[in-house]
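Labels A, B, C and D are assigned to the chains in the order they are written; within every chain, residues are numbered from 1.
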């Protein structure tokens, strides 16, 4: 069974390669009569684009203009599939031809060839980070549905290169290029990134996603638990190597009396559960974190082999992002939106009426 | 879409409550002509049963005898659905009646009621850890398929109550009750558990799962990446709050030059990737870890409310497990087996022939 | 992807062989808090059992007692999987051993061996008509949901051995052993069956299914149209070779002005559409017919081969049903119930709220 | 669960409205390294376009140029999603504005409004026959896979307006505009169509689809039987009201000795089964027929109502097709191709190795 579809009811299928003519997504199952425009989606896509200077600044500059090809009539969704396409404009394949016969460490070059026996080597082909543009576009449509239910999803950087945000001032997130809730930490992260750039190296980090307004009762035990679906959603982003919910890995070192969230007449008194109990939302904010590995393309020399197995020294030239953060922040946000939109609709089929 | 099915090709559907007449699983998509007996499955189930003394020792004693009801003829699978059932024997509902009107902190009592408007309060009903017996049984069948391809899956405890295994001596795993590869650490973990018991509290821990013999080329980008599916599989286990692959959360603090696995003529020179690149296995051991929260049922007094919202002081009496570890170890192993069996079969539909 | 699951939201997975220990079904996605008892299901099963004398009278006598193993608590569904099992009692495998090495014409003996490389030859194994008991049991649960929405499903015999019901007196359906709405035709059908029995031959027929009370707006274009799903549902019954909706094959010979259903202020003025337009219910009765082939097991001598390809003359001995009708009538009813229950729930996720 | 996806392994998702910017399909699960060009797909699409004169001749003239947007690299499929798009050029919405407030008899106007609470009235929106262009394009890709296994699929007209093909000369199918294997019958069908046109009426017919080279062993009992999937596939085409396999409805009137296909050392001696036994292919040609209702848009006056329930006399003006045949012939062919491609790949996961 092919793997390019996500969701059961609010279901998306993405397509497209880094250097093909276009990339896009088909959204099937979006409820009818939601107001939807290209502008709404475009705004989300623009957040994902590499900014000027700083951590993310590949020379490739894509306008990423989205076009709605179906499913919207007179500004409203019709309940039929919504097809979105984004043309690739600045796809200079030539610069990648030298990589055609190499397996870049940390990339999918080797595994894609093993999987399919053929590989579109241009810019990573399907395994490129560009694929996530379709996720962000679909996530923006999901958010229109979530808006109608009062659900908000925020994503932000809580660590980069080992530097952690100590303050959680959500208003700061829009004030710095790293979507970091701690402006002082953001400055230090930028400095750390500058050092890494100078060293020809790259950095990882941690993104946190928080959804507020999620009603209690969302999630489908036993396998499609809300946290299980969030884990899959975030881990399906290329650079993510770990996911945790609420107290996460820290829970492994706490005692029950420390980790349990007591309940009072006004609700839960803490949120170590990250808003999810037994796979179902409990009404508290849903909180997840994703560990993002450092960008594997670095100019420091690395050992690798070519497709014939001959050893090669590889140094990736040109300006590359130092970290997948901040670009991955809107992608994590999009995946959470997609999980919630899907489960919100799934809930309608089963929840008790009373 | 209901959530009790896992897998696309090797697909299981589990059913059953803690205190209902039975629990079980239907496995659809198991290839024909594999040798399968009740003994093979029973052996896996026996590993999951609470041992005598130590960390896991609920007073409930279930023989957990599995019966094969279909799909096997003359000792061979036939390719038709394999139905497995386990009767509940020692289901004393009465002892739970006091909990009928309470929401236990850290449990799904509140969220199940919100989700379904009705709740089988006896022992957690469907949200009980007993549900995992069906997973372990199905995992044993998956392993028969994996055996035919030379794939082995091991699971073991790498931390409990903050105490970490420092040595990785796999042979030790069968020598202590905690499935811990470090026998000295295991002793200290038992001590730590004894302290927690005395304090009326409970402990969490971390389980690692490692699969060897997985050929390169398994996994279905972009959403059904092998790591994404493993993340979902492990996070769908009730007590798990975090999942990581390879270097995991540590990767967020490493640089690219530290985290990339160099490639030589003899293969990858390290395994920070945990055997997975771009969502596809790379031929190295697949390594995942699951963070397990402390058991929420503790005798220390906790604040909670009853179903009418009145504040209640709750102290859970009786002998309860101190930690989901070690019982969760075979469950993590089972989930990894199920993911691999499914993806192994999925690969047959798409892998290049040459 | 294995094929023993039907439905997307109200989703059933059946299991079991003709001569295995048991057969059954797991229903996932049934809404909570519906009143459900074994008696309700048993009543539906009893309608499917071979009566005494007449068209259907295999010597095998199965009590077909159903047991609810999960998903029901205090007489109400809980929203968790409902597991139903029926033990096989009268499974005399020996009488089938002579068929172990033969391919019976019209049966799945040859194709199952080709598909799986192994075959449970006892009574047809998984391809036996006994498999439909699980469908009928699941259909009874679906009907509980349909009842809550005022939807009724009737199935009845409209032709047998070439004799057609001319009258449609629904009250007659319960008055004869053939579920035929025309009591005179039913008599002639019985006579025709007696002749066939004497001749050592068997008969086919046509079953009609009608659902009333189906609200307009059910069905999921473009592939999961309501009629497409009904077609699959009915054609998945072993003996069915044709399915039609409304005017069906006759529509191919009508003109547009004859076949179109005019619309008036009080609704549709005719029902050639069979209650479905563009794959969505239009509020009229949903009407489908299934063509049932004659039972392939006959005592008349037939040419076949054994598994080594040697020619054999086969005459199937013992008392066999003369026609799959009337036993298939409750199965057709069950499949319609399952389609409607599933689509009713699917509709909840997408239908406009206004 | 939304309904615009078909297939489990070779899985397509279609999108697009009659008068939107474009329509298309995403194919996920196509094996890698198949030679695929736009020309191959274009050729199939051209067969579906309305010819000049005769039965099908709407004034709308769409070039239907297909563009491959992803999944193909250097002329070979890569195993990643294949996205195909066809721009709508000649979409004159104005001519449909008069129908905005009417429910056309025999069309989905009423039911789409009931289903979604909103309706793209321009040319039928999503319920338009134009949607089938995407199916034909996807079917052409499926055929590339089938070609690699030696499977051929033919579709042809066996009746139109009550006139039946008496001869089955497959070479004739390409010699007349109706894809009819009986050239004399084709002439009479054209005459019958001319009469209907003069009368302001329309005609139905029957399409047969035959697949040769299908190996024995394809199909997934019990619900995803090959015939069940074909029934769904064909019935999901808008105008189809009936589907039969092999002897089909005629089987209902035959005896077992007449309908059974005897088996000899050289194989089956007849093919009443239509190539399918117990839901699995038996190596004989797979034969299905679809009953196509007459085009509902006729110039003869019909009774209907507007969206407020007021009675209206409707006469559909302009040149319309007299029959969905012959345009539906390539669509039936495409759906059979899609079913076979999907099940061919599904078989790989389960078939016995020996």
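In this section, contacts are C-beta pairs under 8 Å (C-beta built on N, C-alpha and C of every residue); 3 or more make two chains touch, one makes a residue touch a chain.
Note that the structure is predicted; figures quoted are calculated from it, not measured.
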| item | value |
| --- | --- |
| Given chain A and chain B, the chains that contact each of them | C, D |
| Pair of chains joined by more contacts [C-beta pairs], C-D or B-D | C-D |
| Centroid distance [mean C-alpha coordinates] between chain C and chain B, Å | 39 |
| Rounded Å distance, chain B centre to chain D centre (Cα mean) | 46 |
| Distance from the mean Cα position of chain D to that of chain C, given in whole angstrom | 26 |
| Residues of chain D whose C-beta touches two or more other chains | 1-5, 8-9, 14, 29, 32-33, 79-80, 115-118, 126, 221, 346, 349-350, 352-354 |
| Residue ranges of chain D in contact with chain A within the complex | 1-5, 8-9, 11, 13-17, 20-24, 26, 28-29, 32-33, 67-71, 73, 76, 78-83, 85, 115-120, 125-126 |
| In the complex with chain A, residue positions of chain C that touch it | 1, 8-9, 29, 31-33, 79-80, 221, 345-346, 348-350, 352-354 |
| Chain C contact footprint on chain D (complex, rising order) | 1-6, 8-9, 14, 103, 105-108, 110-112, 114-118, 126-127, 131, 159, 161-162, 196, 199, 201-206, 216-225, 227-236, 238, 241-249, 251-265, 269, 273-274, 276-283, 291-298, 300, 302-305, 309-311, 346-347, 349-354 |
